[in-house]
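Chain nomenclature is as follows: A, B and C, assigned in order of appearance, with residue numbering initiated at 1 for each chain independently.
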Amino acid sequence: MVLDQGPCGPSRKRTGRRTGARRHGAVQAREGRGVTLASLVPLLDHASVLVFALTGALVASRAQLDLVGFIFFATLTGIGGGTVRDLVLGRDPVFWVHRPELILLTAGAAVLVFFTAHLLESRYRLIVWLDAFALAVAVPAGVGLALEAGVSPVVAVAMGVVTGTFGGLIRDVIGNELPLVLKQGELYVTAAVGGAVVAVALIGVGMPRPVALIFCGLIVIALRAGSLALGWSLPTYRARPPRN
Amino acid sequence: MVLDQGPCGPSRKRTGRRTGARRHGAVQAREGRGVTLASLVPLLDHASVLVFALTGALVASRAQLDLVGFIFFATLTGIGGGTVRDLVLGRDPVFWVHRPELILLTAGAAVLVFFTAHLLESRYRLIVWLDAFALAVAVPAGVGLALEAGVSPVVAVAMGVVTGTFGGLIRDVIGNELPLVLKQGELYVTAAVGGAVVAVALIGVGMPRPVALIFCGLIVIALRAGSLALGWSLPTYRARPPRN
Amino acid sequence: MVLDQGPCGPSRKRTGRRTGARRHGAVQAREGRGVTLASLVPLLDHASVLVFALTGALVASRAQLDLVGFIFFATLTGIGGGTVRDLVLGRDPVFWVHRPELILLTAGAAVLVFFTAHLLESRYRLIVWLDAFALAVAVPAGVGLALEAGVSPVVAVAMGVVTGTFGGLIRDVIGNELPLVLKQGELYVTAAVGGAVVAVALIGVGMPRPVALIFCGLIVIALRAGSLALGWSLPTYRARPPRN
C-alpha cells in the first residue's frame, strides 16, 4: 500500500487514519515484514497488469479492431480487476491514477500484440494461458493488498478472486467472448479461490505473508494449468439440460 | 449506516464528518426514528443478499458450473446491487468488506442450491420469483440508506432502484441470461421505481421511515407479482419492429 | 470540481485536503483560469448527460420497453461514464448524487423519446450520431475534471476516454446492442483518444484549458463524423479470420 500510493504517498497516513482497517495496514507496512510485502505485492500487481493487457489485446485482435481498439482493450483488461478491488476496499484513488506508467505499459503491450499476433498458432489458446498466469499473480496481489487493508480472511479471499477474475470478465463481456467463469468443467474461479484460501490459511498459521503469497500464486497456476492441460475439474451441475 | 459500519464503526463519526450528507445521516441515526430505521434497513439489506444469492446460484446451475462457480455467482448477485449503491454514495468501504458473514451467507446459499436445484420443477420460474422478493427487500433498503446519507428524494429513488436491480443485472450480463430489465411487457424496473417513489412520498408527508419502507416493499412485490401472475404491464414502445 | 460539488460544496475543502492531487485541483480552481474552466466543464458534462440519455432511450425503444424502461436506460447511459470517472478519481460522492436535476433531465429525455421515436427514419443512425456528439462533449469534460484533480496527462486522457465511452458501453452491454467500441473500421475510441491527446498537448504548451478543451471536442466530433460520413478509419487487424 505504501508503494501503491505513488505521488499521494503522504496521503497514506491520512487514509490510514480514516478506518481502523487502514491504520492496521499502515502499522504493518512499517514492520520489516510489511516492507517486504510492500515490495512483493506491487510487483505482482504490475506483472498481472502487463499479462492481462496482453490478453485484452489478443481479444481485440479476434474482434479485428484497430490499434487504438487494442490499446483500449489492453488497458481495460490490465487494470480492470485491480480497479474494482481498490474501489471496493475504498483505496482512494485507485492504484493507476497516479501511475501513468501503468497505462503506458498496457499501451505498449497492445502495440506489441497488434504487430505480432498474426505469428501465433492459436490466439485463443494464448489468451487462456496468459490469463492463467495473470490470474496466478493477480490473486496473491489482491489477497496481500486486502490483508494490508486489515480485512478478514474471508474478505481477503474475495478480494483475491475479484482482482484475478474481473479484468478478464470485463474483457470478455465487452469483447463478446464467453466469460472464462462460464467455461464448464474447467478450474478457473476454483483456482483463484483455492490459492487465496491456502494463502490466508498459511498466514493464519504464522507463515510470513510474502512466502504465503508465493505459495498462493503457485497453487493458482498449478490448478489452472492442471485443468487446461490435464482436464482437472470439479463435478459440475448436470441434473438436467440448461436453459429449461 | 450505524450498524453497517461493522468493525470500523469508530470511523463512522469521521465519515460522518466528511460531508454534510454524512453528518445529516449521523444526526438522524441518533434520533429514535433513526435507530429504528438502523435496525430495519440492515435486516432488509441482508435478506436481499441471501435471496439474490439464491438466484445467482440458480443461474450458475443453468450454466452447469461447479460448486465454486455457484458460490461465485451467488456472491456476485447477492452483494452486487448494494456494492454499486455504496460506491456511488461514497460509503467507504462498501457494506460487506467488514462483514465476512455476508459472504459465508452467499456461499451457504450456493451450496444449498447446488445440492437441491435438481429437485425443482422450473429453475427459471424460481429465479424470477426469488428475484421479485429480493427486489422487494432491496429497494426499501436502498431508499433507506440513501435517505440516511441525506440525499434528495429523487436520488433516493435512484438508489433504491440501483440496489434492487444491479445485482440481478450483473448476474444476467455475466451469466449470459437476458437481463430482466429487458423483458418486454413486464413490470420490473417499474415495480422498483413505483415502490421507491411511494416511499419517499409517504416520508415526505410525515410517515415514519420504517413504516414507509415497509409500504415500499409491499408495493414492489405487489407490482412485480401482479405482472408475473396476472400479466400487469405498462404499454410498451411498439411503433415499429426493433433492430431496424 | 467547485461547481460539481453542489450541496456538499463545503466538503470540497475537506476532499481537497485528502490528497495532493485534490489540493492541486482546488488551488487551480481559485485561479481566474480555473474559474472559467469550472464554468465550462460542468456545462459540457451536463450536455453529455442529456445527449447520452437520448441515446439510451433510443436503445430502450429498440428493445420495445415501457416508459420506465426508457427512463432506466436514459439515466444509466446519461450518467454512466461520469460515474465511473468520478469513482476512479475518488470524487466522493459522484457528480449526480447531489444533483437530482440531472436525473430529472435524463427522465425528461426518456419521455421525449418515448413519444417521438416513431417519427424517426432510422433510430439506429440517430443513436450513432447523438452518441458522437455526446462523445465530443463528454471527452473534454472528463479531461478537464481529471486535470483539475491534478492527475498526469496520460491519466487525464484515460479519464476523458472513460467519461466519453463508458455510458454508451453500459447502454450497449445491458441493452444487448453491439458495443460501438467493437465496430470494425470505425473511429470511435480513436476519436476520443485523439481529442484528449490534443487537449493535454495544447495545455502542455500553454494554451488556456477552456480553449484546449473546446479544441478537444471539435477534434472528437470531426474524427467521429469523418468516420461515420466519409468512412475514415485506421487499418484494422486482419491477419486471419476472427474466432479461430
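Everything below uses one rule, namely that a contact is a pair of C-beta atoms (placed from the backbone, for glycine too) under 8 Å apart; a residue touches a chain by one contact, two chains touch by 3 or more.
The UniProt protein names, listed by chain, are A, B, C = Trimeric intracellular cation channel family protein.
Because the structure is a prediction, the values reported are computed rather than measured.
In terms of inter-chain touching, the protein chains here all touch one another pairwise. Counting the residue numbers used at the interface between subunit A and subunit C, under half appear in both copies, so the two copies meet with largely different residues. Separating the centre of subunit A from that of subunit C, both taken as means of CA atoms, is a distance of 27 Å. Multi-chain contact residues of subunit A (touching two or more other chains) are listed as 87, 92, 173. Across the interface of their complex, subunit A is touched by residues 17-21, 87-90, 92, 151-155, 158, 161, 165, 169, 173, 178-179, 181-182, 184-185, 189-190, 193, 233-240, 242-244 of subunit C. Contacts from subunit A toward subunit C in the complex involve residues 7-8, 10-11, 14-15, 60-72, 75, 83, 87, 92-94, 96-98, 100, 103-104, 114, 117-118, 122-124, 173-176.
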